[in-house]
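So, here come the structures, one by one.
The same chain A turns up in both complexes below, where it pairs with chain B and then with chain C.
What follows is the complex of A and B.
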């Protein structure tokens, strides 16, 4: 927990978040023990959100869901 | 008449002409000549003829022996020829058997190889078909995903995006 507090949550979004969404993201990061949030806008993820906190990755992007679907179809 | 005179004259003449001593001498000479000829000429000629006959007999015997030998050789050669023919027939039969066996082996081997080739080709064809099917499925998936990505990128509104983000955050917060 002490480690996470010194960390920054790196957040990737497809478009710039509005203040309400940003507040929810920051609350989530804080809940995971992060002191700050760093945003990156990348249209390649199509939609949703990816959060990097330390070695943990929270991937809720449309891109990853599509990849998962693709894997399911291929299998 | 004339003949009687003539015959009477002739007999008188012969009597005048032939002297008995001379006749005897001639006879003795004739005998001596005959004996001489017999001793000097007839005997050697007879001996020579006998020798010739012996020689001919000897030659005939040799000829007969040779003929017998030739007959024997002919019989022997006939037997040899017959044996050789039998051996040749056996060799020919064996060669034919061997050739047939070899031919059968070659045909069987060719059939085996052909079967293997066909099986290998079928296996390769099946594998190729599977690969192709897999490639096509992959391509269809890729194209579908690309299309879906483009459609989603175009159609996902800010509101939808916000909802997605909030759902994700809510789910992660529960974990």
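What follows is the complex of A and C.
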């Protein structure tokens, strides 16, 4: 199902990125074969970044790290 | 008192040990969930049999890879996962933690303890699906696995590394034979694994307490999925048990694994397959139901000496309906295994326990592994019993019988009685040799009919008390010499002479009295 056509990278951030960060994100997306970047600002992820490119997710959000920690402690 | 500092410390430790998942993962979204089945869109690089992780810490097994979605079965959280939840690939198949720590424990098919004892800290993981040993890695089955059941060890011998099916209707003592075999492995250096697949929790509890009471848990692990577990867990149970068995086999140890029972396993797999909308075949089982069991039972093997010489002996159990062994699953498993022990409810109800039908039961490889002495004296047993059964049918017509026929009949009946054995009463190899030798000799003609069981019990006690050195002098790995045979017969005769008319048929008190006069 992987399509090699130009696709959009969906980026979720907790805050609006500054220009330096935005440039980094765009460079990363371009490296993965994306033609455009779509930003969503969502405070729920607390911090960090989540990038969706096609089926692949790059999850570096504080929220998911905390959730994992919670699961490990309760185990 | 609980110290707040230690709690804090343990939390810090856990956080430090907490492994974060890799940043880059393939994900998909649930587009359907029902009956423990989920359909996921996305997951472009998922592989067959891959473990999937669902938001919230639930797991599923990818089984159907289709053009636009992936069908998977949930291990847990059937009522928790929602439409639209993210599903991630893990790059792993299902793995079972393995190790010595599992002996004496009761675990679920994912290796989690169910006995309420401490966590199991296993150092190793093994994939539950693992290729069977290759042809070159296999050795010859040459060591017996004694079940302690006379009828089986004499006529349907099982070797280490063999797969022997136990088949029969409900309530014919299938599990009893398997449990007896486990109990008999005490001091035999055999690790036992009992896998329960879709069994009633009550009967499972009974088995576990039997194992506990007989001190058999020391060398046994119970992998259980009960009837109320989800089908995927029941489906996984035998493979998990086998992964654990393989861990020991590749260390050069001998393992006995009991799958109780594979008909319920097939039913669990059928449930999953039908829900996944795979085409149904005969009896609505999917097309690969044969492969389901063949790949499991092929993993039971005897390794060659170069590979450590370990073995997995498998005792799969299959339940038949109304004695129909030509149904789909029974025929499949019969053709995969190296023989079967066929139990009959008619025999069971007429008091022949274990209810082994000697005519239909076979062992295809165990004969070469049988102890020399037993092989020597049980050679004629099968033929004699077959002859007896044939005559016994004629006897029903009630015609006058000549002396020779009557003798054959009475001997056959006595032989059948000798093969009756109480549950949990296992004979040692030497005891078996004595019983087989005596019950096939002329001596039994002196024993009154219907008193054979009393005679057998009495004779063994008599031997243990008065002639234990004779019992010790029997070498099971050598042919029985005529001299030794003579000695055994003399003792048996002595016992018959001094107990005739007193122990047999009399209340127990008199038997004891007579026992004291012997000494």
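The criterion applied here is as follows: the second predicted complex is superposed on the first by the 70 of 75 C-alpha atoms of A that agree within 3 Å, B and C clash if a C-alpha of one lies under 4 Å from a C-alpha of the other, contacts with A are read in each partner's own complex, and residues count from 1 in each chain.
The working rule: contacts are C-beta pairs under 8 Å (C-beta built on N, C-alpha and C of every residue); 3 or more make two chains touch, one makes a residue touch a chain.
Here the structure is a predicted model, which is why all the values come from computation and not from measurement.
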Using the touch definition from the top, say if A:68 reaches chain B (first), chain C (second), both or neither. second
Go through the superposed model and pick first if A:54 touches only chain B, second if only chain C, both, or neither. second
Interface residues of chain A shared between complexes with chain B and chain C: 58, 60, 69, 73
Interface residues, chain A side, partner chain C - complex: 1-2, 52, 54-60, 65, 68-69, 71-73
Along chain B, where are the residues that touch chain A in the complex? 137-138, 141-142, 144-145, 148-149, 152-153, 156, 158, 160-162, 164-169, 171-173
Name, in rising order, each residue of chain A that touches chain B in their complex. 13-15, 17-18, 20-21, 24-25, 28, 31, 43, 46-49, 51, 58, 60, 62-63, 66-67, 69-70, 73-74
Listed in rising order, the residues of chain C that touch chain A in the complex are 11, 14-15, 17-21, 23-28, 42-45, 57, 67-68, 86, 88
